[in-house]
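Chain nomenclature is as follows: A, B, C, D, E and F, assigned in order of appearance, with residue numbering initiated at 1 for each chain independently.
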Amino acid sequence: MTKTIVTLGELMMRLKPPGKLRLRQANSFEVCHGGAEANVAVSLAEFGVHSRFVTALPRGELGAQALRFLRAHGIDTTSILLHPGRLGLYFMEEGADFRSGCVVYDRADSVFAHMSPDEIDWDAAFRGADWFHISGITPALSEASRQLAAISMQEARRRNVHVSLDLNYRERLWQYGRKASDVMPSLAALADTLIAGRGDCAHCLGIDGDGENGSTEWAESLTEKLFAHFPDFSNVAVTLRDSQSAERHSWSAHLRTRDGCYVSRSYEMTSIVDRVGTGDAFCAGLIFGLAQGRGPAAALEFGAAANCLKHSIHGDSNAVSVEEVDAIVAADRFGQLRR
Amino acid sequence: MTKTIVTLGELMMRLKPPGKLRLRQANSFEVCHGGAEANVAVSLAEFGVHSRFVTALPRGELGAQALRFLRAHGIDTTSILLHPGRLGLYFMEEGADFRSGCVVYDRADSVFAHMSPDEIDWDAAFRGADWFHISGITPALSEASRQLAAISMQEARRRNVHVSLDLNYRERLWQYGRKASDVMPSLAALADTLIAGRGDCAHCLGIDGDGENGSTEWAESLTEKLFAHFPDFSNVAVTLRDSQSAERHSWSAHLRTRDGCYVSRSYEMTSIVDRVGTGDAFCAGLIFGLAQGRGPAAALEFGAAANCLKHSIHGDSNAVSVEEVDAIVAADRFGQLRR
Amino acid sequence: MTKTIVTLGELMMRLKPPGKLRLRQANSFEVCHGGAEANVAVSLAEFGVHSRFVTALPRGELGAQALRFLRAHGIDTTSILLHPGRLGLYFMEEGADFRSGCVVYDRADSVFAHMSPDEIDWDAAFRGADWFHISGITPALSEASRQLAAISMQEARRRNVHVSLDLNYRERLWQYGRKASDVMPSLAALADTLIAGRGDCAHCLGIDGDGENGSTEWAESLTEKLFAHFPDFSNVAVTLRDSQSAERHSWSAHLRTRDGCYVSRSYEMTSIVDRVGTGDAFCAGLIFGLAQGRGPAAALEFGAAANCLKHSIHGDSNAVSVEEVDAIVAADRFGQLRR
Amino acid sequence: MTKTIVTLGELMMRLKPPGKLRLRQANSFEVCHGGAEANVAVSLAEFGVHSRFVTALPRGELGAQALRFLRAHGIDTTSILLHPGRLGLYFMEEGADFRSGCVVYDRADSVFAHMSPDEIDWDAAFRGADWFHISGITPALSEASRQLAAISMQEARRRNVHVSLDLNYRERLWQYGRKASDVMPSLAALADTLIAGRGDCAHCLGIDGDGENGSTEWAESLTEKLFAHFPDFSNVAVTLRDSQSAERHSWSAHLRTRDGCYVSRSYEMTSIVDRVGTGDAFCAGLIFGLAQGRGPAAALEFGAAANCLKHSIHGDSNAVSVEEVDAIVAADRFGQLRR
Amino acid sequence: MTKTIVTLGELMMRLKPPGKLRLRQANSFEVCHGGAEANVAVSLAEFGVHSRFVTALPRGELGAQALRFLRAHGIDTTSILLHPGRLGLYFMEEGADFRSGCVVYDRADSVFAHMSPDEIDWDAAFRGADWFHISGITPALSEASRQLAAISMQEARRRNVHVSLDLNYRERLWQYGRKASDVMPSLAALADTLIAGRGDCAHCLGIDGDGENGSTEWAESLTEKLFAHFPDFSNVAVTLRDSQSAERHSWSAHLRTRDGCYVSRSYEMTSIVDRVGTGDAFCAGLIFGLAQGRGPAAALEFGAAANCLKHSIHGDSNAVSVEEVDAIVAADRFGQLRR
Amino acid sequence: MTKTIVTLGELMMRLKPPGKLRLRQANSFEVCHGGAEANVAVSLAEFGVHSRFVTALPRGELGAQALRFLRAHGIDTTSILLHPGRLGLYFMEEGADFRSGCVVYDRADSVFAHMSPDEIDWDAAFRGADWFHISGITPALSEASRQLAAISMQEARRRNVHVSLDLNYRERLWQYGRKASDVMPSLAALADTLIAGRGDCAHCLGIDGDGENGSTEWAESLTEKLFAHFPDFSNVAVTLRDSQSAERHSWSAHLRTRDGCYVSRSYEMTSIVDRVGTGDAFCAGLIFGLAQGRGPAAALEFGAAANCLKHSIHGDSNAVSVEEVDAIVAADRFGQLRR
């Protein structure tokens, strides 16, 4: 079993109308918390891993509420700073059938976006750690966050902590004057494991696969090029999602290690409960599988099943156990009531 | 852009148990407001059109609540009368899978059903208007409402306002001593644009298509006969719905103008949120497209996409923007989270 | 029309998080009541049958709440005993897509589990009765409940009341020191009508069909063997469920009488609301059809349609009317809004 | 213990915004059922009395829902008729502090208002009965209801059933062309027990007390005059309410029998939960006490304590047991948590 | 009747846990909208006044939701600008008994705080206006907002529009580098009517009364000094609040005109529903009374009764009619259910 | 600041109808967790103390949910055991005005009631501890729990950990064959600090004060006798509650140390939100004050203010900070909105 996994990023409060109501129809919001790296931390904690999350939260009632969320999931919060300032928020409208869901970010100027790498006690942050995870959302937030991302990865590497990076490209972020394509290549160079969605590598790294986007040929050529370009990579995962409606997506992933290429089972979800955080659930599952030494094929399948399960869970983070993920991997029939 | 679109009809309060609960299981009701012509007015207002709704509401708290609903959507309420009396209501039970939904009307004797054409200042009601819409529900309610429908259409025509009529046949209405087949032909003769569901023309006008009901041959022969019978028609739309379960419907429409025949894309909804008001959403979309001068083919597709989107929206009325409808028309992949 | 149908069993309070929330995420529970035999009683009462339910409930507020539930459905509660002690509970987590639902029982040591056959006035319990129904859940609870099951069936037979038994095998019950395979054969021998799910006969009676489990060949050979083994049987029904996801199940049933074999329509549910109690809904429908003298084929179809409808109803019991079930049997298109 | 108590009147559905929200602010309504005589029937059933309620309800879902409400409380519903037509409704806005609550009736033209005395099987309705209760609301609804009230009281008297009448004057009813002062004296002459609020006797019977309204002198002179005027009266109760705010009322009652005058304890409520039905709770308590033979002083105190408790109960009807009412009568300290 | 009343300020979204839950306990928020000047505008619109609100809102879903709120109340939104940026928010925790409620502002950097006076078409904003109202909250937000406040008051005066200013001192605002005592005197000099809470004049204007704070002597000397200092004042109102617990406040106000001094009735609230916006409700009531020409004493009482009623209304704004306020003024007994 | 405070006891799930609904009216329950010693632990954790809670919870979903609750509050859960079995529950009905609230326990046979002292690693449980708290509820549950209480107190004393005992007498517990008066004296002899409600000492220890129960004379003579009888006591606190209604209680406490007698401020609550856990809140406050070395008078006032605040907080445990409690101690005016 792995020792301690550390993630660093922003935790936001999420505000969502009940069910399928639109934002403009809302008289109330359901509240939860999330953020790419926080979601990975929570999922790993639910898997029983000692999971430390590094961030800054505002002093006061909203920070207290956010801490409750993290602590409830068993997260190690000892490296979290409390500062005056605001909490990042996002408003979310759930899609329905042909109607797309949408996210309205209100995260500018948060205490996290102002957090400087100098404020962090890196020895404490990485105490006992053997894996560090970060996503491309952090360097997209602000110049300070970009530096935080770079330095955190360097501090991890200096301590021989395995570094994973989920490119997680979001065009609507990246408002502070730099482009992803300028920033991400140097960050990717600091990673051991890279995770990327369909268009992420093209946008962030200027590298694309050959052949039809999403095909096995495409994925294999893409990961081959990435391995060629980034000699420190030990694992590269590419995730493939297709959506027919808000409730109906299919999802699979490719993984390349220095030893081979693997393709996961493809899951066809037809009654999605909450699509947010499914990519983070894959990251957490893949990290768990790799860090546990399950081997690449099994780790990939564990990640894919974790991703699949997250689609059935309300909130940003994957409240499922290792046993539940393993059961999905093992099953060929789904949906029976256990009693 | 069109100037002002006017609709006239009854606004009811809708009372629905939460989610899929049956009426007999309900300890609470979700409240919204709707009615065929009100739904069209709301949808047009959400599209940014100056939309005036003519009706009568009860004085007092329930009328105040109904006015809030209309005003929230930006409806012009200056031609709404407040009278002593009751508000029309309907109770609704949402269907689920093989179980059909149902509506229990409690709208008899409402202030609208007693509204007389003499009470209305028609000049004010049609000030600035270039389109008037009404449905076959209004003449089904009472003798007063039948007269109101006829006179409103005449007043519109007298002012060169384009008149659209959605036949909207509901067998359970028409309790006041007249039959739809006696009343509707003369009203249809006052319309420029006619909209009809599958069996509406047969029930209301005694005119049916040839060939299999729902086929293209049937629709084209039906609209051809309608054009022959009603020389003032400039547009006739026929809508086609098939339902496999409460959540799974398919929907398309035909449109005939004096210049040609058009068939819309067919949408296969699989996770319907609220089926009520989808026909009205089509009317609003078609009217918007035609009144904007987008041309018949584009107007038909805009109406079909508006109809499709309404299936994903809670409540009777289509809380979507022009941009959202256009995005559906343009898309060939659906359900991605926008963030 | 049948006279009075009696069922005997435990009524539990069910505690379920709203919607698709997991138990560990819950801050509130929706409350309803259910239990295999109680569900059958409620469904029959909703069909208009005089339906008497025999059980023990705790004195005090929780018993009062449970009585309200039964009375609301029109159940005859005159043979219900009130004792000091606790009410059986179960917690339920609804499944979603690939995630299975689950039930956490907290029913040990309930007043029902301690109920002795000596406490019941059997003449009163069976007054006017012509049918008695019980399930394999009751003898699984405790030694006292096992005796209660056996004696209630004997008391019914002594009064020429038709006895139906739903095997309803649940491995996680049967904790009091006996095995289903030791207990159930002698109980089955007291039944006129047997109802069994896929693996129930193998687990409870040591009898299985030939050929692929679930095939028609299998079902027919199984029911043939059962008829051979239990000469008092007049009807044997075998139910077949397949699940693709928590919301997507298919379901059909076989019925054998001394005169022939019948196969029901197969229903493909795609938007299941509540899967609990669907088997009980089939029992109630089959009993209703048989007791009414509709004949085996019609009774089987009535039961299958009742089962199908239950999947669309919140709660453990089937809040539908005879007319609604008959409409499903007669329909070949589903999901239209009735208005 | 009394045998069977019968009440007759209208049952309405009540629609109330949650908590202290105003009607115009409401997006949902809490649903319950009530009506003066129904409330008395429910309260008596909760006291363990065999309580039969006579009314007409609409066929269909809303009637089914109303029947569930009555049955849940253990009401004998065997004399309830199901007719085509509508259910009476009322909308309610809860008061708060200085803001008064209000009721918006929507009960005109209900199936009850059209119910004729000829439709009722009076022998069945009064089978086993020794007490009949009705209120002045029934004769206020329609000419048919006035006849129903008169004939029901005559049918009761003819069978030597004790008749109680709560004058319950509501100015906003009485819209069908008769005045309370024309109708109520002849109905009062048919009663054995009369219950009246402060101004009821003046409005309905033209009889008022001497001295300051609400004083003991006033109450005693009023009841003395009533006894003089109505020789058949055996009990007259006068109830006195003062309100300081929506949550703070004080309440007491006077009772005169042929043998003496009694004054109840005065209760000062400071945190009222639901003021509706408190008068009916007093009627039920007084009837229970008198019918049980507790004697006038104890019956009056039982009624007053029942009234007091109802102020703490959501809904129109008093969901409390005899033991709870007796505990209020006996207590001189309130509000301790029982555990 | 007055013509058009204009107010200018920030509209925020308010996020509040249900009932008495603390922010840190919240899993959901009730959503409404408010802001000092918006509340005044809404209250006046509910009184039937043509009420125009000038502000900036963000483009997109949150701006659309805010516009719905304003339109629902009948506000004239024609002078509202839509800009890219964020909506001001505030989180609110309701107090309970000895526990104080609190507000957490998250309004920095909102589109309103960046709004410049140059963006506004002042002729359109003041078209038809005879009264303009603004509060001391606007100049506290940012340098741009300070300029906006000053220029809006000058533009109003230039058009002979009566200007009222509620000092509304909030220490936690005023973060942009200026102090209230530097800014407010010059703004006050632009007002015709000044409204101030207990300590507002001392903090903002450096002027205090003599004698015990809150006494009549104090209030009269304070208003006398204000009249002496600000020769353009025609009305000065001073409001006095005492709180015993979160639910129990007492409130009264003084008004001085050039002709005399007036003291309002004192209201003792004991079951407060929502304390926010009560000061704005007074402003709206006082403005309404003065603008209608009711005279100072009656206007003061109208304002005080409006303030009293607001304490019973959920949300920031006073959803009451003129008739309801007048009824409070006229009453000496409160809390009776109107039916 | 104190090091680590340990408490040991049962954690139950609490199930409560929303608001003032009765159990028999409930269709849903609000869920939280509590228990006397758990409440103390949570309150101390909210004060920022390192707070360890020792208990047994069931494996599985309900245990996971309970752990989430404890972790959310920052409790050290490292000494919690997970066992097969059930979680203790209690159902709660909130009182209202004259109606008392009530608790229905369903905690028999829980995993905690079966927990043996042998299962606990006492060194780990008391690592770093300087205070241990337990209540009289634990020894009331079962023979195993009685032994657990005794041994835990002995283990604490052996490590020089200060022991506090809240007598917390509940007659309805103590069902396992021993009486409180037999068990509690020997446990009290193991305590350094004793906390007792009005009748607790008489019931548990056979010791009562002189003079009128609740008077200062009575409290001082009682604590004097306790000091005489239990020579190891360093502090004895006696709490005094009076209730006028469910929402209106008054509360104060006496504290005797070897150096003197202290009486707290008396708080008159008039709008109680949740009365459960208020005694535990006092214990936590008193322990905090004493352990921090604030001195007896200040510690007593801190405890009393903590108790007062808890009456305003939903749930069993006191979600308030040290600053909030200190603010109550310092204030003489309450209920102002902080903004």
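Here is the rule we use: a residue touches a chain if its C-beta (ideal position, glycine included) is under 8 Å from a C-beta of that chain, and two chains touch if they have at least 3 such contacts.
Listed by chain with UniProt protein names: A, B, C, D, E, F = 2-dehydro-3-deoxygluconokinase.
These numbers were taken from a predicted model, which means no experiment stands behind them.
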item	value
Touching chain B and also chain E, the following chains	A, D
Residue-number overlap at the chain D/chain F interface, same or different (half cut)	different
Chain A and chain B: spacing of chain centres that average the CA atoms, whole Å	45
Gap in Å, rounded to a whole number, between the CA centres of chain E and chain C	62
Residues within chain A bordering two or more other chains	19, 22, 24, 27, 68, 102, 270-271
Chains that touch, pairwise	A-B, A-C, A-E, A-F, B-C, B-D, B-E, C-D, C-F, D-E, D-F, E-F
Parts of chain C lying in touch with chain F, wherever the complex brings them together	15, 22-24, 26-32, 60-62, 64-65, 68, 86-87, 89, 91, 93, 102, 104, 106, 108-109
Interface residues, chain A side, partner chain B - complex	19-22, 24-25, 95-103, 105, 170, 172, 242-249, 270-271, 275-276
Chain A-touching residues of chain F, taken from the complex the two chains share	67-69, 71-74
Chain A - residues contacting chain C, complex	19, 267, 269-273, 308-309, 311-315, 319-320, 324, 327-328, 333-339
